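Structure provided below as structure tokens; questions to follow.
When the chains are written out, they are named A, B, C and D in that same order, and each has its own residue count from 1.
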Amino acid sequence: MKSIKTAVIGATGYAGEELTRLLYAHPEASVEVLTSKSYCNEAFSDIYASFNHVSCQVLREDELDEISKKVDVIFVALPHGIASKKITSEILENCKVIDLGADFRLKDKDVYEKWYNTEHFSPKLLSEAVYGLCEIHRDEIKNARLVANPGCYTTTSILSLYPVVREGLIDIDSIVIDAKSGVSGAGRGVSLGVHYCETNENIKAYKIASHRHTPEIEQELSFAAKQDITLTFTPHLTPMNRGILATIYAKLKPDVDYETVKSVYIKYFGDEYFVRLLNKGHFPETKWVKGSNFIDIGFEVDERCNRLVILGALDNLVKGAAGQAVQNMNLMFGLKETAGLDYAGIMPA
Amino acid sequence: MKSIKTAVIGATGYAGEELTRLLYAHPEASVEVLTSKSYCNEAFSDIYASFNHVSCQVLREDELDEISKKVDVIFVALPHGIASKKITSEILENCKVIDLGADFRLKDKDVYEKWYNTEHFSPKLLSEAVYGLCEIHRDEIKNARLVANPGCYTTTSILSLYPVVREGLIDIDSIVIDAKSGVSGAGRGVSLGVHYCETNENIKAYKIASHRHTPEIEQELSFAAKQDITLTFTPHLTPMNRGILATIYAKLKPDVDYETVKSVYIKYFGDEYFVRLLNKGHFPETKWVKGSNFIDIGFEVDERCNRLVILGALDNLVKGAAGQAVQNMNLMFGLKETAGLDYAGIMPA
Amino acid sequence: MKSIKTAVIGATGYAGEELTRLLYAHPEASVEVLTSKSYCNEAFSDIYASFNHVSCQVLREDELDEISKKVDVIFVALPHGIASKKITSEILENCKVIDLGADFRLKDKDVYEKWYNTEHFSPKLLSEAVYGLCEIHRDEIKNARLVANPGCYTTTSILSLYPVVREGLIDIDSIVIDAKSGVSGAGRGVSLGVHYCETNENIKAYKIASHRHTPEIEQELSFAAKQDITLTFTPHLTPMNRGILATIYAKLKPDVDYETVKSVYIKYFGDEYFVRLLNKGHFPETKWVKGSNFIDIGFEVDERCNRLVILGALDNLVKGAAGQAVQNMNLMFGLKETAGLDYAGIMPA
Amino acid sequence: MKSIKTAVIGATGYAGEELTRLLYAHPEASVEVLTSKSYCNEAFSDIYASFNHVSCQVLREDELDEISKKVDVIFVALPHGIASKKITSEILENCKVIDLGADFRLKDKDVYEKWYNTEHFSPKLLSEAVYGLCEIHRDEIKNARLVANPGCYTTTSILSLYPVVREGLIDIDSIVIDAKSGVSGAGRGVSLGVHYCETNENIKAYKIASHRHTPEIEQELSFAAKQDITLTFTPHLTPMNRGILATIYAKLKPDVDYETVKSVYIKYFGDEYFVRLLNKGHFPETKWVKGSNFIDIGFEVDERCNRLVILGALDNLVKGAAGQAVQNMNLMFGLKETAGLDYAGIMPA
């Protein structure tokens, strides 16, 4: 029998659907409840025909109180501003909660309200929430009731930069993150911006100097550096379904060379299953992580400019969302951390 | 412990790689040997970086005799004309063989030699080989030593047509199969024909009235109809990585209507896990089967012309190749037929 | 000075925009008025930034009466059901009209109202309207006041079939048209059906046995055959921006062979600039017509089945819409038929 | 009659073919000779079927001496290292030469030989060759016999940075260029790197800190800055046929704000037809320049970091290659600079 009973709130968005896919394939988890505001009372497999013969769930309403009494963990995949209303202390007494949205990621309520331009409805839970970047906060996650699952750009950026920031190898005023995302990151909502003909055969930057993942990246890297970090982050929309590639630039501190950098990556991530450090001359490509929970990290030193170029790639819906959520669940319930996630990506896909 | 020891011969082509991915994720199978002519002695994960941290296999040479003594089943994913040389009665005494290529699919050596324009080197094994279309030949597969895994276009076409041909609902002189395939069906070899800029944003037909999957489709449908069937098959190269959609046309016999057709599909496939019959007004799309072992089948009657339009969709690398090979292995070893294959496809992917 | 003053009604849809592009590049035409319901009073180049530095037109309202007094020709690119209200005899006394929509294509008002499920508001103009398939109705077009520009699937299908239907080389009960279109054919309106992630890496059929271009194809081929033709037409949505490929199947009459078929194509199209007949063994691909007004036609005889396989390819926005509209304008105004259209397609694009 | 006789050496690569397309559509140029090493003696339209009915040229050998006596200008589109052998003073006495390759772009022979790892065979011509970036070197181009047409990444990078570098608004040690290119930039040669399934649905960086366009960018920006500039340039392969987007980062000098930056862009490019400066809040996308000779430039100030983010987009085969070559021809022959290039891009395409 599968031991962990789960519910997915907002199962028909791309992150919710991917999470559902992973949970159905998980050796220890059962899917008890799927909810959807838009498609309530419809069969999940009528919305995602890929689930025919796999799931016979009917989509229900978001009644978290009731659901929290029936399951061991609730995954929340809702637009920001809603989770902070729906997740309460009462619910957390009934079950664990993993929030895939933004509402509990920023520790500072004011920063949240400024960047998201909305009120935060559960400020008291902010201090309890654990930032669910497993490789960085593993021990806290194990004991958490509420985990704030990181954003996709954020996971890529923080993991790629963490060792060199933590160890002070780079000039922290010089960090530039140029990130390229597949279109699924924009969600399943319809707009001209995701119309096939407007997106295909096109690349563009968007939300330049203003994307909401910026403060999340800065918060975690500032913790790592033990000083405030401000950086430039530019997201791009790339004509592909999935994947994020972050190309990150920073000036190296004096006397730091390739080997020094390599050693700190090995120090922090050498034993991590889901972080794959690439050998010299090899660099991440999104195709190698598609459908898997891995993040690939490589780097090069541009010696002519004394600049470090770091590249990180992951699947925005897996390690950047649903896969990391499952990894968090595994930690929270004392399962093997890789349970349900220990497979190669799909290529070509 | 995983109970079935496996080897993949030709692991670096797309079908071989996909098979390797499925076998690593299989609950009962272990991957003991991977071979490659082009990349012998290299790490498999250096060719497919998606396997970093998953596989530490080094690619070996194709020494089937030796390999056959160490494993329970050998999967052969080689170009046609090679398997019929390499697979021998001696090997079949050591282990079972599932051939993903064309060499043992056609029962008539002359038909093979005419369409493939090459000699067949093991004609004696042709009668022993079982055509590995699981839903049609399940019982024979269970006892087979040598299974000829069907082609991708073939699986789509035969399964989509089988019930109506078997039950005589259509005019067998009127069958037209218009099939659209993703580019991975062309393999990993380089040529101008698979150059990104020549393939992207383009659709074309190829091998019109001359594709080698034609006699394979005709052979199986003729068995079903108990009379010779000749049909027109047109493959198309579609700008996507994976997936086959076959749109099939045939004149209905008098007095055959939608409900009659529906009933025969239910008769033959109503209990099949991997065949998903779509409800009226719903039609297959390749995205719903991507990465999974399902084939989706739907149909409509064009009443103005008394013509049946059947649509079948599958993932050419899974149900059209590697997944069906695993399904065959499951049958041959008495495992649950769905073992390692009972999950939803990946979407978007 | 450019001699023909033009207006484009509905300039911000894909067909309207493509037409505007072609008119700006036309040696004899000037763009006087662009209209848009959705973007009225905005600069055209704010909607299509490709027109920065090329056009400084501001989008206006659809006041056809007024516009008709200022220009020589009005192009109407509106959804069906609207043009038949807006185009009146009074307007036709002021200027010529080329309608890119469906309202004046079908000669039989009842057929129109049945397939389009709407009233026709100008039935009196139906007899006057000339079906603007230039290669078939050239002489009538020259003298027309009102031209109904054919649909994209229609142009591909009719031109590909016309010679063999007209000359009675095929069994007219056996015609099947399997057509694959790029996504721009679905227009610029937003919906889940054109969301990038739902369309990319996917192929599907739609409107099976019910697409509205069917009666238009049948009307013109019935005229050619001098008898009623009913056929099966299946459109498919293909993951690419532009292009239509139609694969057409029909049984050959007895004693008709490759050479006979070839001769009738040469008879009808051998001197046509925009129809390119491919040599034996060469088949159309959409990439070769992209951005150009050409239709490429090739064929093969499947001798095993005595079936003719015809392939036709064009750019749905050029020969399938805007380019053919310009070709019609050229004919109506006595310009060189190829003016503004005599260039190669863009590849890769 | 068309007045300028042209030849294209290497007409079957993507740049050569695009150039041929533009020349056929040019109002003043005639295409007299097309050459190809790989396809010599074949019809050009057999290699590029898009040219059927447009061109009946047969591909010839690269005999530049002979060709130079028959034409007014030779365009050379060959791999680096070949042009410097083939282009001689004698040829330049017969006709003008525009080289689309790299051989005459770098003024310093040693820099060339180091980055390209090959000997330069015409060092004497290096001083005569004019760097064909029209907006920067217009006057010299007008009188040049030999023009070195800039690279695609180079044109994007230099034009995007020129005003702020020239006017000293940025810290020149802080420049990072993160460039994303479509696959046609890799040329038409076959390799696993351009296999559809390896490129589609994938983004990757390549030649990190080592791409050969780097010294070309640095050379021109150093001229502009009147001091040596060293910068980090990272190219990326993006899953689309055409287009380059460069996202450029640099620290602003003290007291430089948005308006200051804007004013220098207007100063240098406000009157340039092919440079389109975007308004505040608007940013370049490759789709808006596809098939056209425009470069779109926009920028934003990241005030939190005092960093300038500049974005430049062009079509790598037009303004990044063939279109700029035509623009150079127009200048060299006293034609209107925009002749044959004054049209909007194609969208969607």
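The rule is short, and it goes like this: a residue touches a chain if its C-beta (ideal position, glycine included) is under 8 Å from a C-beta of that chain, and two chains touch if they have at least 3 such contacts.
Note that the structure is predicted; figures quoted are calculated from it, not measured.
Chemist: Name, by label, each chain that touches both members of the pair chain A and chain D.
Modeler: A chain counts here if it touches both chain A and chain D, which gives B, C.
Chemist: Using C-alpha centres only, name the chain that sits farthest from chain B.
Modeler: D
Chemist: Using the stated contact rule, I'd like to know whether B-C or A-B comes out ahead in C-beta pair count.
Modeler: By number of C-beta pairs in contact, B-C is the larger.
Chemist: Have a look at B-C, C-D or A-C and name the one that copies the A-D interface, over half of its contact pairs being the same.
Modeler: Answer for A-D: the repeating interface is B-C.
Chemist: If you average the CA atoms of chain B and of chain D, how far apart do the two points sit, in angstrom?
Modeler: So the centre of chain B lies 46 Å away from the centre of chain D.
Chemist: What whole-Å value do you get for the distance between chain B and chain C if each is reduced to the mean of its CA atoms?
Modeler: 39
Chemist: If you average the CA atoms of chain A and of chain B, how many Å lie between those two points?
Modeler: 36
Chemist: Which parts of chain B, given as residue numbers and ranges, touch two or more other chains?
Modeler: Counting only residues that touch two or more other chains, chain B contributes 14, 184, 197, 200-201, 239-242, 285, 287, 290, 348-349.
Chemist: Considering the complex alone, what residue numbers of chain C touch chain B?
Modeler: So the residues of chain C in touch with chain B come to 173-174, 176, 178, 180, 182, 197-198, 200-206, 208-209, 230-232, 234, 236, 238-243, 245, 247, 249, 283-287, 290, 300-305, 307, 309, 311, 348-349.
Chemist: In the complex, go through chain D and note every residue touching chain C.
Modeler: 14, 17-18, 21, 24-25, 48-55, 184, 201, 241-242, 273-274, 276, 278, 282, 285, 287-292, 294, 296, 342-349
Chemist: Within the complex, which stretch of chain C touches chain A?
Modeler: 14, 183-184, 188, 190-192, 194-197, 199-201, 239-241
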